[in-house]
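Reading through the structure tokens given below for one structure.
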């Protein structure tokens, strides 16, 4: 169950409202790197957790924190939209700057939401539930979470660079810090459940003896030329999971040419 | 540039065609854990690569291998669809097994593709380009790739369990082996560019002094009760990136209650 | 800000797990009538609220309750999936009932989530952020909310009819009751801000003198035949908003035939 | 069956073509508040209508009118696109105004449609069939329709404010008037089938004795603080449907902590 | 403008309702080969038509006919859903056939629409406005229309094979006939505007002297082996548009290795 | 199987980087007229091909070439993004041109991809797998391919007009030439399998005697007025497929008024 506090987790202050920045902030709300995604991802992982209770608890706590981040960003969008241009015509002709701003805003902030945040990304593409990854495998999910916080922190640092509003920079410095912690948090779980050698290959519950032994540690080079290795770590030496030895193999076809049956008559292929 | 070979990378054999399994295999083609996603993800990461050339080359080679995996799975779908029921009515009434099969197939395999694979998942939901993650940050992208191969290998092992067709099990054992390698391959890049301490927090090019120092290594507990830590690795000790010390803090609101301006008249809020 | 309690808002008990019913429950999680939609809708409306504070507070409180409903339903899905068939082949041939169940389940519950809920509807179509309506007009939003709770309660009663599991019926009887309250709650706001006569036409802040006076209270009949009225309430008498008189008018074209300019040469229309 | 007239329902005149306004008008065509949605929504509701014939007839007539609204708006988009900039480069450098316009247009109006309307919203996001709500419950559907016309009229008034083109203002004044009527029309049906007391809770065919009697008229306050009621109409007094008495209850967990079974081995959770 | 008739264009009779066939029919309503797509496609092409008036008129007339086809199919879906199973539990256990049917239906027909058609395909994937193609080039659009009617007629013949209900077969025989006409109709326009030699390459308004003369009539063989031609018509002889001579060329890279600039510092790539 | 070459198929040179043009180029990558679509379309058609082997081979070879086109365009996007504005604030106020550019770019090129191409269209709408058409009928598929190359070449000529960068014009002149060939190539297959008379109506394997003989060659005029024919080729004379005679018929309803059963009680329609 959940409870709400009317105060925000951290201060959201906008010194100079900028509707173009409002649009950019939408990426951190409804984009694939955004807070709705991590919020639902951690909550769904927690709700489906079938292992030790402490992971469920922790996932649900951090998922709950992420709702507060959506709240902060939604507030920041609304504050940045104050004073946005509401008309294309007169001002457009008279004031080039308004025209420029108009080009950069999300028109739906004016037309659809009445100067408020929406569940969409910086291009107005709606949040998509397919981004909510929970596989039932804790290690796979922790990697999904590290990835979400890594791309999320990259996004937040780019937003930080894109503005010189002190209030916005302060809010983003908070969110960037939280992403630092969350990256570490998911990595801590990975360490706890065995680290690289213990966890990989994921899932570690599938008997590796059943996988094809000729291809599980080979870099298959599909390069049409010759010098494929370039000394990459993945071309020789022990594999990172400690269970094999890297090697390089030129791609070659082992599967023959596939032969499908002729068309089923009731499927009405063309008579050629 | 790219070239094609008429032979498959590895043998695709279906001993007992099963249209319900064909539908399941679609998840490995057009699902978020599937081969179209990793194919385009590695290719787009390679095409946008602005760092050392060897990562670009390697990404493009493995992206190219993944096209061959789509090809294998598309062939497997077509072979599993041979003999699928083409009608709901007569057989439906007469043969309960056909009715059961009919329930489990993707009707679009009969209606839309003529017993061939499509660019959709196991529920017929189309492949979505938003899943193709390439952030311009190599470490974030490598985590995205490990995550894709981890959820992909989980999927492949579940498909392996779902069938007892020897041909299908053999093909899946090959694909599972490739996922083992690919997990290791992306982890090898992460090791090469600094490992946990060197790479995190991602992006490592943002000065950590700019992030909020009070919140970058705290587990914020949003639990309404008391015992939040449960000894998790993320609650104390050095952080995984080696740059901080984990601690636990009860969530508390620091941001006050937000105050938005009244509605803009031309936005036609309701007069209350 | 938000807090989490490890206990559920209401008991979720599954007496006889049924993976087909698990799939149906997904509609109440990730469908357009589902709980993710109302949760985000009320929260976004609250975060963008620019009128009296009490509506913001109330919206955020009820939005918070809806997260607990997602949690209950996600738990119900996970419990219904216990014992789901994991394989298509052997059992398929041997046990017709398993085949039938297999046809009715969401294969991604087996393949993607590991027997847990996902952010999708009963057909596996992902939740879509476009469903989150917040217009910045309180009356319009209250109607959006009544509509969500009306279709939501219809859905919940159909789920109640679809199962005879006592635990599931009890949980649904709770959710149905909450929908009763929530319908009344949004209607109470509509009463408070003026009722039918005060609130309509929405937005009531647009001067009605500016709208076309010939068409604002006419039922335009596009029926090609004659008897269009059939005594419907909308054909005569005072309008529901009390600002006009209903009448019926046969559709007729007043706009002439549109004339577009010839193609722009650089747009490369066909030379005909 | 349907027939077409070459003339428009109402005049569409554009005095000063403005491709940025063309983009905005797309929201009224292919957006969730737009005309394709109401058109298909009323038609599908009519086609699925299983109650008195007069509702079916009326829904189909108004659905048919909405096609004429799409036609008017599509014409308006085409007229506003005449003279749109076809190139980014030269003009871009030379004329700042063209650059500003270029920023605000939908590039697909130039690249994909050849200066014509498309079935997308103001951000180019395609129309989505999930928005077409028809529940089989007349009261729920009427609320869906009121909501569509309320958000639609809000949108139309914002478009009216965004332009000073007399022709466009005249066309929008017509469409705004039609939305006034349509709001009243669906409300008239709601009055006819019982009004608030007769229709709610929707569906009124479910025996209220089956819903949980402790929670059907309580405002559940999830606020972590104390003063939750603020005298809202929804906190005390008779419920709007006349079937209960409003009261307020602090949220408390009644459901215990959920216990899921351990992972199914063939689902390959991680061995921890 | 548009008008409605209460009678259908052609009789829709269902002798033996079959909810699995109802689901299949959805493909012809809301699928990419379906009637909503052609309806909107022809209407949008007509509304954007900037050439001779007769094409506009004809497109709008046929677009109008397609609404009647949606209407027929929506009626057929509703009729096929009568008697559909409303519950998973009891019957499921007792009657294997009901279980089988249950597996094959769209659960949203029961849960969301109340036994009526929806704007979705046979897998419940919503209609998508991106499928509505209108390019502003008449020849390209005619090909889009032939393609729509060709895949549409293939779909209709497969539906015809999938049922033995005489009423449904009769309705489909009508729709198949209309697709025959519509294929011919769009081909007739192509003949009228110049046929293969006159219309191709589309757009014929772009000066072919500006396209790269070395690659406009070569089949580029990307086959890694040798025997690429196999005597296909596209390998030698005059081109179909009569403006060139087919030849075959082995793929070879002419573009060198691309060199991108190093990362922009504010984009926070990883420090490697 | 597939191989990769590090060199591009054709030179990609950008003389004056323009981030607005980068956004436009995205339409040719991830739009419905773009290269990902044709690439996957030809490959999936090839992988599902059940007719003569030479069509499979050719489809796979050209599908492989299209990957190289995605590669070229992705490179062009990255090169055009060099020097893109990374911030909205300071420069925005100071330099109107930067503001104008900012309005026209895809903000996700800055925020999400780090100045690289993405699998989206010019509005940031993700590539959608539903666009990948492969019907199992060769003639229908060839029309789908001609259509893709016709709209694709229209798009490419518009991009050519939109830029005056010599490098970009040269690259587009190459891609336009390839579209010329590909249109001819699919038309060549259509000629080879029978031309208009042999191939139509598609599918030609369905016995035309089964289609409704009264409606297969009639233009059904839904025009409410009189003069419907205007001498169009589709109104009289032999049909294009040579199997009928065109004629015109005024639309008239033959299907009566549909009668649906009353609502199923467990579906909880409203009690009216």
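Which chain is which? They are A, B, C, D, E and F, in the order written, and residues in each are numbered from 1.
Definition applied: a residue touches a chain if its C-beta (ideal position, glycine included) is under 8 Å from a C-beta of that chain, and two chains touch if they have at least 3 such contacts.
Not measured: the values here are computed from a predicted model.
What shortest step count links chain C and chain E in the network of chain contacts?
The fewest steps needed to get from chain C to chain E is 1.
Rounding to the nearest 5 degrees, give the angle of the rotation that lays the CA atoms of chain C over those of chain F.
To bring chain C onto chain F, one rotates by 180 degrees.
Give a one-word verdict, same or different, on whether chain C and chain D use largely identical residue numbers at their interface, taking over half shared as same.
Chain C vs chain D: same; shared/all numbers exceeds half.
Please determine the option from A-C, C-F or C-E whose contacts repeat those of B-F, over half of the contact pairs being identical by residue number.
A-C
Taking each chain's centre as its mean C-alpha position, how far apart are chain B and chain E in Å?
Each chain reduced to its C-alpha mean, chain B and chain E end up 29 Å apart.
Distance-wise, how many Å sit between the C-alpha centres of chain A and chain B, to the nearest whole number?
11
As a quick test, compute the distance in whole Å between the mean CA positions of chain B and chain D.
Taking the mean C-alpha position of each chain, the two centres sit 33 Å apart.
Indicate the residues of chain C shared as contacts by at least two other chains.
Where chain C meets two or more other chains at a single residue, that happens at 1-9, 32-33, 48, 50, 57, 61, 64-65, 68, 75, 78, 86-87, 96, 99-100, 102-104, 110, 112, 114-115, 120, 123-126, 128, 130-131, 135-137, 139-140, 151, 154, 157-158, 161, 202-203, 206, 222-224, 251, 253, 255, 260-261, 263, 266-269.
Using the definition of touching given at the top, classify the network of chains in this structure as line, ring, star, complete or other.
complete
For chain D, which residues are in contact with chain E within the complex?
Touch list, chain D to chain E: 1-9, 30, 36, 40, 43-44, 47-48, 50, 57, 60-61, 63-65, 67-68, 70-71, 74-75, 78, 112-120, 126-132, 134-137.
Which positions of chain B touch chain E when the two form their complex?
1-6, 48-52, 86-90, 92-93, 96, 99-100, 102-104, 106-108, 110-112, 114, 120, 123-126, 136-140, 193-194, 199, 202-206
Along chain F, where are the residues that touch chain C in the complex?
These residues of chain F touch chain C: 154, 157-158, 161, 266-268.
Once bound in the complex, which stretches of chain F touch chain E?
Residues 3, 5-12, 32-33, 53-54, 57-58, 61-62, 64-65, 68, 72, 75, 78-79, 82, 84, 86-87, 110, 114-115, 125, 128, 130-131, 133, 135-137, 139-140, 143-144, 146-147, 150-151, 153-154, 157, 160, 173-174, 176-181, 183-185, 187-189, 191-192, 196, 200-203, 206, 208, 210-224, 228, 230-234, 239-241, 244, 246, 251, 253-258, 260-261, 263-264, 266-269 of chain F touch chain E in their complex.
Where on chain A does chain F make contact in their complex?
Going through chain A, the ones touching chain F are 16, 18, 20-21, 23-24, 27, 31-33, 96-97, 99-104, 121-125, 151, 154-155, 158-159, 161-165, 222-225, 251, 253, 255, 258, 260-263, 265, 267-272.
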